[in-house]
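The structures considered in this document are given below.
Next come two complexes built around subunit A: one with subunit B, the other with subunit C.
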Partner chain A sequence: FQDQAEQFFRSGHTNNWAVLVCTSRFWFNYRHVANTLSVYRSVKRLGIPDSHIVLMLADDMACNPRNPKPATVFSHKNMELNVYGDDVEVDYRSYEVTVENFLRVLTGRIPPSTPRSKRLLSDDRSNILIYMTGHGGNGFLKFQDSEEITNVELADAFEQMWQKRRYNELLFIIDTCQGASMYERFYSPNIMALASSQVGEDSLSHQPDLGIGVHLMDRYTFYVLEFLEEIHPASQTNMNDLFQVCPKSLCVSTPGHRTDLFQRDPQNVLITDFFGSVRKVEITAETVSLDRGLAGFESKFPEDELATEPLKYAEQLPVAQIIHQKPKQKDWHPPGGFILGLWALIIMVFFKTYGIKHMKHVF
Partner chain B sequence: RAGMAAALLLLLLLLAACPGPGRAGAGRERRDTLREELLLSPLPTGDVAATFQFRTRWDADLQRGAVSHYRLFPKALGRLVAALGVRELHLALTQGFWRTRVWGQPPLQAPAGAELWVWFQPAVTDVDKAWKELSNILSGIFCASLNFIDSTNTVIPTASFKPLGLANGTDHHLLRYAVLPREVVCTENLTPWKKLLPCGSKAGLAVLLKAERLFHSSYHSQAVHIRPVCRDASCMAVSWELRQTLTVVFDVFSSGQGKKDWSLFKMFSRTLTDACPLASQSKVYVDISPKNKEKELLEVTPPPTSVHEAVVQGDKKTYAVYDLLSPLLFNTSRSLNVQLKWKRPQDSSEMPIPVLHAQRYVGGYGLQTGEICTLIYNTHPYRAFPVILLETVPWYLRLYVHTLTIITKGKENKPSYIHYQPAQDRRRPHLLEMLIQLPANSVTKITIQFERALLKWTEYPPDPNHGFYVGSSVLSALVPSVIPMKDVDVEQSPLFTSLFPSSDGSSYFVRLYTEPLLVNLPTPDFSMPYNVICLTCTVVAVCYGSFYNLLTRTFHVEEPSRGGLAKRLANVIRKLRGVPLL
Partner chain C sequence: QVQLVVPVAVVFSPGSVPGDLPSPLPFRDVQEMEISVNLRTSVTSRYEMAYQGTTAQEEAAMAVTTAREADAALRPLQDVSMGSLTMYVVPENSSLLPQGTSVYVGRHRSALVRAGGGLAALHARLRQVTQVMSFTATSIAAALSDRVPDGRLSPDARRSLKSSLGYEITFSLLNPDPKSHAVDWDIEGAVNRYVKPVLDKLSLVANFSVDSQILYYAVLGVTPRYDKESSSFLLSAHSLPHVINPVEARLGSSAASLYPVLNFLLYVPERSHSPLYIQDKDGAPVSTNAFHSPRWGGIMVYNVEAPASPQASLPLQVDVDMARVMEVFLAQLRLLFGLSREELPPEFLLESPGNEGLADWELDHLLWAHTVENIATVSTTLTSLAQLLDKIGNIVIKDDVASEVYRAVASVQSAMAKLAVGHLHSAFQASKEAVTSSERAFFDPSLLHLLYFPDDQKFAIYIPLFLPMAVPILLSLAKIVRETRQRKKEPTKMD
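== the complex of A and B ==
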């Protein structure tokens, strides 16, 4: 009990957030959506609530007309595991997944009318997990086949987050080709990064499903998912085990990681520090008695004012009224611009020709 | 020890909560009620349509007073209505298309994609600002991209979309209508919709709503309607009504495995076990109306608790009713699995044709011009009736109104009312509203030509070769009914009969939507900027560079170098030998 309490204070974070991004569009990129949804599923299972997860999916695979089993996204062939499930909340869908929106979510520079579920409301005691997947290259990640984000932009965004105190510790996982290039440029403290392949290597997909017709998952995320399925909210597995997931024999590419910016030793960092959620639980031995007078609260309604004459419904298709609807009088605007200039020119020319003394003929 | 303390706490909580309902029953009446119902109607083609309606009626005025205690009415929507001054809100998310010609008139239709129309209170000063905030808040609640609703797809209809609730006057400046035809509907939209229900998806009729079955269908439409209604027959006070409707059509070939017999288990892979404990009424209606005045074709098992006859959409229909709150229903078995069997095979000639149906398509060829054609069919043998057609066309299809032609039975049909608001590039879409009289037994063809605009290259979506959607057009009509409808008490009649307020018994109001259109705009090759830069730089480097060299390069003589150390040493030796130097 004492050790657990110490562990709580050692990690230093009080809440957990996750930003999960899938950047690929089109049906043949089904595996990227399955990757993101499997991380989403693990993260929810380990305790992070939907209000603390920002899920961005660039295309809809579950209800895609080409999906033979609608409302499902499978991660294992023979349709064993449906990672889409029944209780999923996608915050940024389809055309909303752009580089601009992603950077706005990270840095917090969001238009004021954005709803709460689309915001990353982290503070300086939040541990954030950022997972990105899609098609990438040396130094960039492609968003929806029409734009890209570079590693420099990403590093600058993290620096902005650090300066605005928007995270305590950050874990960045990327599953794309040449993924290690994306974390090369980070320079903010307290960031740990994992990638599925080194520069010059391609990340490969795992297995196709002949019923659905596309590859279902990428290898790296497949083995990470298998690893995470064994984690439960109280497990003590640390980051070094996550670094060993998917060796070259299974993954064909060489996964890489970067821990030089991170202050703690990865040996002491629990998986649940990033993938799970801290819940502050206070155990008390006292009893609390509720106020019985609360039950009469509802009767304090203001009295409704009754109308003086009966109210009625509007007529749905009042033909006579519509036909005789007068055309709306346009609000009168003073003539501006071109018309004013034209009239001024005409009047000037008139008086130039005929002289000002002829004005008396006008009036 | 901690566990025991937690158990004690829980016990005390339960004890404290128990006297509550007892005290409530002793005189204070509940101000909000929930009614839920499910309507199963077999369609002429062998498919089956299931319509769920959940209605929460709250006898309180949301606009006035600080209402802070929400019980059945969801707080998210209640706060929205109060804060933004909303008088009526209708939001529908639909996947698929209702085929009116083969399936008949729908109880409530919605266009493909997302449709949102809202009437604001007269006290709202800046309606556009409230509209924008409303669409953003709803996009967060329903996980839909409703934040894409802005001035380029919002219109202000002048004759359609009259308020469905109590209305003092109808100033159309307070109305906004927008449709997003590209919106996808999936489980992430169903989940928050289900969470707004008082019982969630845990009890009552909502246990049937499982995403894997609902989206494997030809048509799926979920909607939320909020409006003020009469509290009672005298209509002196206002109550707020929230209706959540979900219509799904199961296809006989994909869900039914080719057989036309249906059951709740076959449709939803679940059966009903009980009613929602918070509901005052929970019923399942099955449409067993005989066609062509013959004996019943449909057999339902288990036997219904009662049979109800109603005049719905102008025609007399018979329904078998299962009342989930009656104790007789679950006497024999714990779960209710309603089964529908056809007594004899259906004849395709028996399929009734609906009185009003419409069709719309794009004509023309090439990527420069085109034509939108709408065909409206009035199949009533002797009655003519008016219909309002509302078309919203995005600004990048430039309509030519002088090419608008309306032809009925070979002659031109002049509309009695026409309102056209032209588009402004990148700011406003086209709005065309016409009131057309449809003669009996006729087809009306409305055509209008358009030209496709060239967009700026940053305005194309990431998949421009898919095409651009044009939202469905809306037809509002008063269709003459076969049997005159009497004014019925809203509280006693089933919910599916009472969404549209009826004024006159001789006709009923119906709102139909046509298909959305998909047009291709001239799409540039997006790799061209890169190609152009490479080519230009190469040309500049090669041509200009060599020309510059040619003009500015000068030649000057250079002394040959004296040579390295080795050469000098060799020359010294050669001089000594008397041989010519290197």
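== the complex of A and C ==
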């Protein structure tokens, strides 16, 4: 019975995924890239492989011309910790980090030509960690300085994921100003959310490094990283400890969390349920008995033996077709009713008011 | 809603007919049972039993000494369509079944059941056998696991692979110590001889592709403990979960296909850590020296014997005994698919399926579960697609998305109709088509709802644009109205 009770409180997941998003570009937003890379580093260290991590960085800080130490991204001042490392695998880089691509990754509505490393191939037994950082406001998060994602869109995307059972449990962490507004609208089950600041508060950055000239990390992620450095794959630390991570005295903002949509008690949720990748294993007790005497096997379903001649290079590329292709005629659509009506109204009012004699000046 | 029909033929051999049959042979009977998964979902199972006596050919076939021969001899005389079962009832004192076994389940779709204990006991036994060979309440609940309220499902039920259109199987040889061991494995030969028959049999369920690789200097994430008593190294059961992750990063799961990948790893321990045994929870070494992880794959440790003389030249040439390895890997493959033989009562004797890897009835078992799972997935997908379109009115549905939806609905209806008649094979094919169409419709890239316009954003965008423009228009309209009214009031000047 004890065993059963234990099993009930444990998560039923069999694999882990992580989606880590940095949404800001430009050199002075160095700290957002450092935030994301720190979480990436912890997650890899605790066992999630690159094939299960979708890392989206909106700008390249390591090879930025303004970086005095190229090929490095530091998270501590005095250059103590280089989070860029040797084996960072960035899946969406630079201008590919858009709201559309992010939503496509989450919902799975990806064009068929997308490579496997850019997809979130989670199933109903996956625990997903989603970490977002950048500049945000009350109800939105800014992507690339040109567009934004609203909390309603994010909640709808998570609902789409739930409908298709693309996750077992989801942990959403956001480190932006007014971050708590982003998780206000969630309504799908099994989501736990953490934010670095409440609505109306700003998230502050941590230490500037005088050698590099920018702020290296945000406070909340800095203390989360410190906390995660203590975790190893077999540790039993639970989520309640993560909720205590950055008290107001250290963080200046008030971190918030939301667990009402989550079915298990946060006390029973291990940090490694989301940040690490601890597999359930079973001992193999059975064997199949094989008859070793059989020689080669004739397949019941012979493969189709179509004799195909290898294509010559020129034939593979229909160059003639491409060169002489005419641009497709876009179908002409009449202007929409609203615009037509509006213009009709304007013209009618103008001529009614000022008299029809002005018409000759127009034509 | 979903009705699963299993045609069962019960053949009584002479001397086994119970005295208290309700009507004389041959007659038909139907047993219905409802399996309810949650408040709104339930599956009805309907066993159409046809009771009859043996024909002369069947009697001749059963006049052999062992159950296995009888099974083989009876096969050409049965109805072998997928999903149907044949039970042969033998007399209580028959010597076909060994002592102590009351049921023998063959390799195909038939079983030999010992009579005795009266009609009620016979019915109970028959019901048990038919459920084992087709589907049980637990296997249906496991297939519909996302509809079962949490906590009611046993943990094993969530472990087997989800139904998918294809699977990719990767065999990897891990050699952390190439200086000491030069390992050779004839994987291609082993795949052709042992794995291909199993995959051919499973080819009805999904497409399989197989590849293999050898990784050098790949170590396990855990240092094994040295045990003085057995002078061997031991990996305890609770350190096993941490073994997989460091290796997985180097496995290079395939970049080419989008199907779920099953990894089978063969680990040859280093000279300094040989021999290496896996310990189970009670501390006893595991006979297969292997473990598996649900929905991922399996790992087997292959120990190389120490060389006879310490001066033997390194590296040692190691030729892997592929048959022993494949026995374990194929067993793990069966367990990953959810085909386990463990929970059966002791008086059941199951025939080993031999090189084919799984018996026909186990294939049926898989197909029943997968068909039900596919139908449930399709209905969830299409319902959520409809809900999405209801909520966001300005999504444009392209023609091909619409045609995929129609096709999915038609396939699902055909699958349910075929299930209600008992044609398992065509029902499964229809359910596969339905899943393909519904996934294509749901995940079409054009359905991205970036067209979200909350009311306050609408106001925020349009008011600054149209309000200044609207002010002169509204004022002019007001002026026109005033003028018209004034003209009406003023009497027209008449000379």
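Keep in mind that, in the parts below, the second predicted complex is superposed on the first by the 270 of 363 C-alpha atoms of A that agree within 3 Å, B and C clash if a C-alpha of one lies under 4 Å from a C-alpha of the other, contacts with A are read in each partner's own complex, and residues count from 1 in each chain.
Everything that follows uses one rule, which is that a contact is a pair of C-beta atoms (placed from the backbone, for glycine too) under 8 Å apart; a residue touches a chain by one contact, two chains touch by 3 or more.
Note that the structure is predicted; figures quoted are calculated from it, not measured.
> Which partner chains sit in contact with A:Val90 here, subunit B, subunit C, both or neither? Use first/second/both/neither.
first
> One more residue to check, A:Asp156. First (subunit B), second (subunit C), both or neither?
second
> Look at A:Glu184 in the shared chain and tell me whether it touches subunit B only, subunit C only, both, or neither; answer first, second, both or neither.
After superposition on chain A, A:Glu184 lies in contact with neither partner.
> Check whether A:Val288 is in contact with subunit B, with subunit C, with both or with neither, and answer first, second, both or neither.
After superposing on A, A:Val288 lies in contact with both subunit B and subunit C.
> With the two structures laid over each other on chain A, which partner does A:Asp241 touch: subunit B (first), subunit C (second), both, or neither?
Neither partner.
> In the overlaid three-chain picture, which partner chain does A:Arg116 touch, first (subunit B) or second (subunit C), both, or neither?
both
> For A:Asp202 in the superposed arrangement: first (subunit B), second (subunit C), both or neither?
A:Asp202: touches no partner chain.
> Overlap of the subunit B and subunit C footprints on subunit A, residue-wise?
115-117, 283-285, 287-290, 292, 295-297, 299, 301
> What does subunit A use to touch subunit B in their complex?
So the residues of subunit A in touch with subunit B come to 25-26, 60, 62-63, 69-72, 84-91, 93-96, 113-118, 144-146, 283-285, 287-290, 292, 295-299, 301-302, 304-307, 310-319, 322-323, 325, 328.
> Name, in rising order, each residue of subunit C that touches subunit A in their complex.
145-146, 150-151, 155, 158-159, 162, 192-194, 196-197, 200, 203, 237, 240-242, 244-246, 248-249, 253-258, 260, 278, 280, 286-288, 290-296, 298, 300, 323, 326-328, 330-332, 334-335, 340-342, 352-355, 357, 380-381, 384, 387-388, 391, 442-445, 447-450, 452, 454, 469, 473, 476-477, 479-480
> What does subunit B use to touch subunit A in their complex?
1-2, 5-6, 8-9, 12-13, 16, 19-20, 23-24, 28, 31, 59-61, 64-65, 67, 69, 71, 95, 132-133, 136-137, 139-141, 143-145, 147-148, 158-159, 162-168, 170, 182, 184-188, 191-192, 210-212, 214-216, 230, 234-238, 386, 388, 416-417, 435, 461-463, 476-478, 500-501, 503, 509, 526
> Taking the complex as given, what residues does subunit A use to touch subunit C?
Where subunit A meets subunit C, its residues are 7-8, 12, 14-15, 47-51, 99-100, 103-104, 107-111, 115-117, 119, 121, 123-125, 150, 152-153, 156, 160, 163-165, 233-234, 263, 276-292, 294-297, 299-301, 345-346, 349-350, 352-353.
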